[in-house]
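The two complexes that follow have chain A in common; it is paired with chain B in the first and with chain C in the second.
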Partner chain A sequence: MSILQQVPRNALVWIIICLFALLAPHAGRLPIWILALYVVAVIWRLQVHRGRWSFPSRSVKVAMILSGFVGIYASYGSFIGLEPTVALLLIAFALKLVELSHRKDAYVLLFLGYFICITEFLFSQDLSVTLYALVSVTLVTTALVAIHRPGEQEFRLGTIRVASGMLLQAMPLMIILFFLFPRFGPLWTVPIKSHTAKTGMSDFMKPGDVASLSQSADVAFRVKFDGDIPAKSALYWRGLVFSRIEQGVWSALEFYDIPANQRRPQEVIGDGEPIRYSIIMEPTQQNWLYGLKYARSDTRGVMQTSDFRLFSPVPVETEYMYTVNSWANVAVDEVLSDWRRKTETQLPPTGNAKTRKLSLDLKAKASSDEAFVGLVLDTFRREPYVYTLRPGLLPEQDSIDAFLFQSMRGFCEHYASAFVFMMRAAGVPARVVAGYQGGEINPINKTVIVHQFDAHAWAEVWLASRGWVRVDPTAAVSPQRIEFGLEEAMASEGSFLSTVLLSPVRYRSVPLLNLLRLRYDALTYQWQTWVVGFDNERQFDLLRSFLGETTAKVFAVVLLGSWALVLLPVAISLLFKRDIVPVSPLGKHYRIFCKRLARLDLIRGPGEAPSQFAQRAVKDLPDYADPLWQITDLYNQLAYADAKLSAANAAKDLQHFARVVSRFRPKRHSAALSKETEL
Partner chain B sequence: MHIQGIIDSAVEEIGRTLLGKEPQIRLALCCLFARGHLLIEDLPGMGKTTLSHALAAVLGLSWKRVQFTSDLLPADILGVSVFDANNGSFNFHPGPIFTQLLLADEINRTTPRTQSALLEAMAEGQVTVEGETRPLPQPFFVIATQNPIHQSGTYPLPESQLDRFLMRLELGYPPPRAEREMLERRHSAALEIKHPRQCIDLDQLEMIRVAVSQVHASDNLLDYLQRLVAYTRQSAEFEVGLSPRGALALLDCAKTWAAMHNRGHVVPEDVQLVLPAVAGHRLIPSGDYAGDGHALVDLLQRNVDVVGP
Partner chain C sequence: MLLGPEHDSVKNDALGTERHSKGIRAQIKARFRGWINQRIPPAREVTLDQRRIFIFPSRVGFFFGGCLLVMLLAAINFENNLSYALTFWLATLFIVAILHTYANLSGLTIRAVRAEPAFPGQQAEFHLMIKRSKRRDHFALHLKWPNSSETLVNLVDEDSVIVQLHMAVGSRGWFSPGRLLLESTYPLGLLRCWTLIDLELYALVYPRPLASTDLHGLATNTPDGAAVFVDGSDDFYGFRGYRKGDSPRQVYWKGLAKQQGLLTKQYTAYADRSVWLDWDMFAGLGTEQRLSHLCYWLLEFDRRGQECGLRLPTGVIEPALGEKHRDRVLKELALYGKERRSR
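And then the complex of A and B:
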């Protein structure tokens, strides 16, 4: 094997580093045997390199590929979907290493490596993922540089400097392409992640659901208000409305549960200035979006349901940004349809008898629905109810009775659920609303960060002439929760994020850590607005703000122009670099001569001396024997003979040589033609 | 007489005894004209000794032959002082090395100790015996032959000593036609194999050497030489590149070759023709390189551009 086809040791080490660097972000999602495969592949290749083992035979390779497929099928149950496909790619990547022997194999491997870098974005587009992808790209490029340095038989860390230099030069081009390259819609779609768990709220709720969600410190969404941030206690982010209770489980109405004429929300006229804000959701794999009371969005693709929630027809699979206008004081559903009234007062026919009785007793005492609500809240306030993340288990049967009269310990969903049950038992339309309450204000960029532990459930009651009114029974039990958030409310119990030890949110009390966390969050917000959320529309907005109305032509000119502008310094520096290697005029003209012959497929090998080349050329082009020899002899004379003998004439000779070369324009067809005429 | 004529007649004369080996004969002459020592390496019976005898005869030099064996001692080559009882003093009996042309047969069969005694003489042109330095006659050539080192009972010459030989030649099997002629001669015995006659005398040798010294090597050519040398030092295929001595050897031989062909200047073809013989034994392939020394020289010749930038 020629040295040029071999993979130098330095490159092999870099390739192996790449292998693990590319595997790392996927490792958590992969079955353990793929990780083992990587270790085996690397050991095998290293043993081959040391001459201990040999490359796998064809039958072994086929067996490995087949068992890879079988393993994928066994682990994922399918070949379709994102995870099995990416896993397959990663297996191919490891197996290719085992048979890596020539440089061309290394090319395949490394170009596959670039592709694997991209696959990471299918799972997350977080800032940290992007930073890691930059590291991976640098490593792959380093390996690519290393395979082009046949001399390097020792591992060299310095190779990364070359690669980083190259990537830094490419950076301006990358930025231009990002902002200006036309963004088409997807040309094909990737199958939805089959195994990714849906996160956040689900479309049903049973006691304990919200409490378990509160154990997570993940970010649910970030909000940026156009004006001042409203008080925390007013931030009720509505996500889901549960109108149905069956066997102690609250669930939302399906689209088709609603009569066709009531599927659209009633017209509501928002009066006065709305609260304007934009929300960037973290991926949830669910359809619902969040917003404050009476939210309307002007973002394309955001819809409104009949219970005034925001809704996206496609599940939120990546960070999703939308803008909302909210009118907090407007009345919604001032007139309640019969179907709606019936639905929102429906209860299971039996069960929770004590609760029903209490409800009817209180209703009898109350003069109006509003007074009734007040009485029920008073009950919660008066009796020794405890707001806790550890409510203990409730029986399946009559769980509300058990909660209200025995345990008296509950989280928001217990209170909301019991409250709505009591309302309905007395015939007052009411429903459970789930979403988030409050949020953390990041002082650095004035955004509100809503975490999963802000998850909350509350109630809405329909009151004549006021429409749906928000009532939060939890506020009656634990006012701190609403004023200061969950951490404060659980301070005495010490149960806040008790199971997530490593979350930075847990260490909010350490000022430096907190500052770092908030800075990073602000950066993430910037990232999401400018990079992840930068779609085709925002691109047009950006261009419009610079250029006014744009046409495709202007677009192309701007793209190419800025591209050229970025490449110009590179071109100039290359131009000057060339001059460092002195070019002899004699060699230059001889090379022109060689180029003319190369067009006729007569290519001089580097080691071929001029006379040898001339001999070969004359054999092939006998018609040109005279000029060929003339030029070659002249060249030999000028290049190798004693220059002192003709120093005075050197410049003249060179001119002569240049002239002879420029006149030499060999063509093949003349010879071919003459042969034809002979025939 | 014209240099080329002298040389052609010498080549022809040697070619009478060693059939079908004209390129090797020319290279061997080139080596001697460049004042270098010659190493001929091949399997037994390939004509190594025949070539060296013929060379000695054609140059008309006084020559001695030493068959190297494993029990040969330095004194057997250099000479010894023997006590003369008649006049009560030590008399120096010069060894076979005191000659113009020494044929060292199978140099790799003797011990490193004896080898180094010979190689010192080759490098210095003088020998030191018992503290007294004695110059060797001029000109002084060594033509050594050796079997390929993988044969048993040999002490391979280390790289540093191989470097002392200007050229290493390999004879190889004769072409079929030449071999047939050789067989026919032996069979018929009609033509008595004549001992080669002298074709070049010392004056002519001196004339050739003057001519060599006047051969011009242009900047372009030296650039090419340096590119060659640099390539051997930078590429991964080479364990060890060409030393500066190797580069000088290459230039000397190329100049001699140009002079032998009646040219006043060196062209790249001269370098390329002498390259295998001059560089072959000085280049060591690196551990990862699959090819042997020949492939290495071939690689060098193919990859280094003759024409400068």
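And then the complex of A and C:
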């Protein structure tokens, strides 16, 4: 093996550090056997290093690769998708370590490491993930530096200084390139979809679903309003509309359930000034987006469904930003189609007989649909209904009857579901709407943070001439929930986030922790708008505000100019280091003299005396005999003169010498000519 | 005549361009030699600066570039801004690495120290010194001549280091190892920074020793009537005091151990006689063959501790004994009919 191919021990240690650093962020998503594989790989490689075991033979390697594939298939059921791909990369990384013997193996391993760093971002572009990636890239780069330092046979922490120094120098260049590099759409569609379940809404709802969401303190999305933030009680973030009930489970209509002519929403003219806001959603792996009633988005790619929800044709797999205009008071679906009316009043033919009867009784008392709604809500208000996160189990059969007449304990989905059931039982078109209600206002940057525990379900009733009207039966039972949020509503029960002990949201009452949390959240918002949500529109705005016009020429000039600005000091700091032997001021000037001659290929040899050198130079450059001897004699005088004598006017002499040297600018014209004529 | 290699190559260049029959490759080679001799003139000591350092992405660098392209495709297709950022970070790291790789060679001084003589086919040892002038660490400096052994050195704790390279030498005369390749890919391996320098370092190559069964006319050619050389007669005669230049093989080491001082053993057959190795002993043979035989016999006499002198058409070396003498004679043989250099 060539000496160039050897991998020093220091590098091996750094590579193993990288290995675990890269594994760590993925560890939670991986099957346990891959983690075990990493431990085995490292032990194996270390034993090889100590000379106890040998490198795997070709057949063992093939067997390991095949079993890796089989293992992935067994664990994920497919090779397509983000998780199995990343798992494969990680397995390759571990196996490559086992066979690492040459430097070229180390290159493959470390470049694979950079790839693994990038895959972290496909799962999340969170600030914390990014900070971690900074660390892992630094570690991989350190290992790359370490393999180029031969002879370092023990671990050296200092290697990280070189790598981090270079990465820091590259950072400003990267930032410039990041903002200048043109963004365009995907070149081809990538079918890779994450299979990890995310906490969040699903497209069906059964009792207990929303309550379980309330145990999560994850952020669902963040909202920034252009104007004032509306009252919390008005923040009903619509996400899903459930129009169908089957066996106690509410579900949304599929696109193909809707007749072709009604798949587009009815035209609604927004009157007056809309509420303008932008939303950055955390990844949900789902298609639906959130918005206040009646929402219209001008972001490219955001669509509207026939029940006036916002919808993205591609699942939200990373942080996603869109802007919305909402008109809160506009009537939607003023005219209800026959199909729609039939769908939104449909109930299972049997079941929940008591509820149906109550509904019909109340309807008979009411003079109008509106009055009927009021009567039903009055019932909720009057009777001892309890709003609770611990409603207890309900029977499969006649669950609404059981809830309304026996347990009387429920969370929002129980009330919404029972309310809509009663509406439909009396023939009034109604549906369940799921989404989030309220949110936490971050005083630092005036954003609204909507958490998973803000998940909520309410109802919409269709009333003649008013269209679809929002009715929240939960508000009738627990007004605090709507006014102040879930924490307040559950204060007496003590069930708010009772299962997530470590969430910072739980410690909102500690002022310092809360301030830190809100600051970090504000930072996250900035991060998401400027980095994660940076797209060609934002780029265009940014560049126009900074550069005025955005032609290719301006682009190139700005890019290269700013790079030169960064690289120049780096080059200077690298190349102009202190000399090892300090040079006297006299020597410095003599050196300039030598340098000028060196340009004419007259190089002073090591240990060549100045007068010897002068002799040689005069022979080559007879035209300059006078200055050559003048400078050389002066130098010899000053350098070897009696210290006592010269001390008096040393400064003057030096000045004189410097002047003579600076005037000496030899050229070769005459010399070159004479040479040619000789030939 | 003392001819500098610079003039040499200029001549070669001229010849190369004249003779089209030499082929395009040879022409390109000659042109390259001319160009590089202009750019980096041969010298015993070379300090590396921007004129002498070349830099280009290494094979690993191109591989890395390919990886970056794949990463960029991923960033574009997933519309993932942080993937963009990481890709750009690595790309700009590449650019910063240009400066660092260059700095790793810049300011180094390489000096030819010496080259050990060798017989044809043997490995000659070349000693080089690498010195830094600035307070900067240099890593993984890889040195080699075409076909020589290679070495990898760091300049971290010391300011200069002497390295040895070995290379099989060719035929008799001065052997030039060619241009030394000094390269480094430190710190990231993505770029290769190198220089090709001619250090005017030549190894002396002795003639190939060639045995001949007997030495015709040895007796007649020795004016002081030395005995005919008889194989194997090395009877011990006595001791004399050690003189500088005596072969270590003849030193009586046991005497030294017995604290009798350094003594040299003397043998009867050769004690006070000397032989002459003469060019004319091998009349009728070619130059190289004669030199080879002379070389063989010189070594043979040296081994046996016999004083011998050398007579060549170009000069005479008086009989003497010892390593210095032997080397002097060998050098004379090596350079017979060849141009001479001061070193």
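Just so it is clear, the second predicted complex is superposed on the first by the 535 of 679 C-alpha atoms of A that agree within 3 Å, B and C clash if a C-alpha of one lies under 4 Å from a C-alpha of the other, contacts with A are read in each partner's own complex, and residues count from 1 in each chain.
Please note the rule applied: contacts are C-beta pairs under 8 Å (C-beta built on N, C-alpha and C of every residue); 3 or more make two chains touch, one makes a residue touch a chain.
The structure presented is a predicted model; accordingly, all values stated were derived computationally and were not measured.
Legend: residue contacts after superposition of the two complexes on their common chain; A:117 is shown touching chain C, with no touch to chain B. In the superposition on chain A, A:133 makes contact with chain C only, not with chain B. In the overlay built on the shared chain, the residue A:605 is in contact with chain B and with chain C. Legend: residue contacts after superposition of the two complexes on their common chain; A:349 is shown touching neither chain B nor chain C.
Once the two complexes are overlaid on the shared chain, A:272 sits clear of chain B and of chain C alike. With both structures placed on the common chain, the touch criterion links A:590 to chain B but leaves chain C unconnected.
Residue by residue along chain A, chain B and chain C are tallied for touches, and C comes out ahead. Once chain A of one complex is fitted onto chain A of the other, the partner contacts of A:639 are limited to chain B, with no touch recorded for chain C.
With both structures placed on the common chain, the touch criterion links A:511 to neither chain B nor chain C.
Annotation: chain A residues 2-3, 150-151, 581, 605-606 touch chain B in one complex and chain C in the other. Put simply, chain A touches chain C in their complex at residues 2-4, 103-104, 107, 111, 114-115, 117-118, 121-122, 125, 130, 133, 137, 141, 144-145, 147-151, 162-163, 166-167, 169-171, 173-174, 177-178, 181, 183-190, 192, 318, 531-535, 563, 567, 570-571, 574-575, 577-581, 601, 603, 605-606.
Interface residues of chain A facing chain B in the complex, by the touch rule stated above, are 1-3, 6, 8, 150-153, 581-584, 586-587, 590-591, 594, 605-612, 636, 639-643. Against chain A, in their complex, chain C makes its touches with residues 41, 43-45, 60, 63-64, 67, 70-71, 73-93, 95-97, 99-100, 103, 106-107, 111, 132-136, 139-140, 142, 150-152, 154, 159, 185-189. Within the complex formed with chain A, the chain B residues making contact are 216, 218-221, 234-237, 264-269, 272, 286, 288-290, 299, 301-309.
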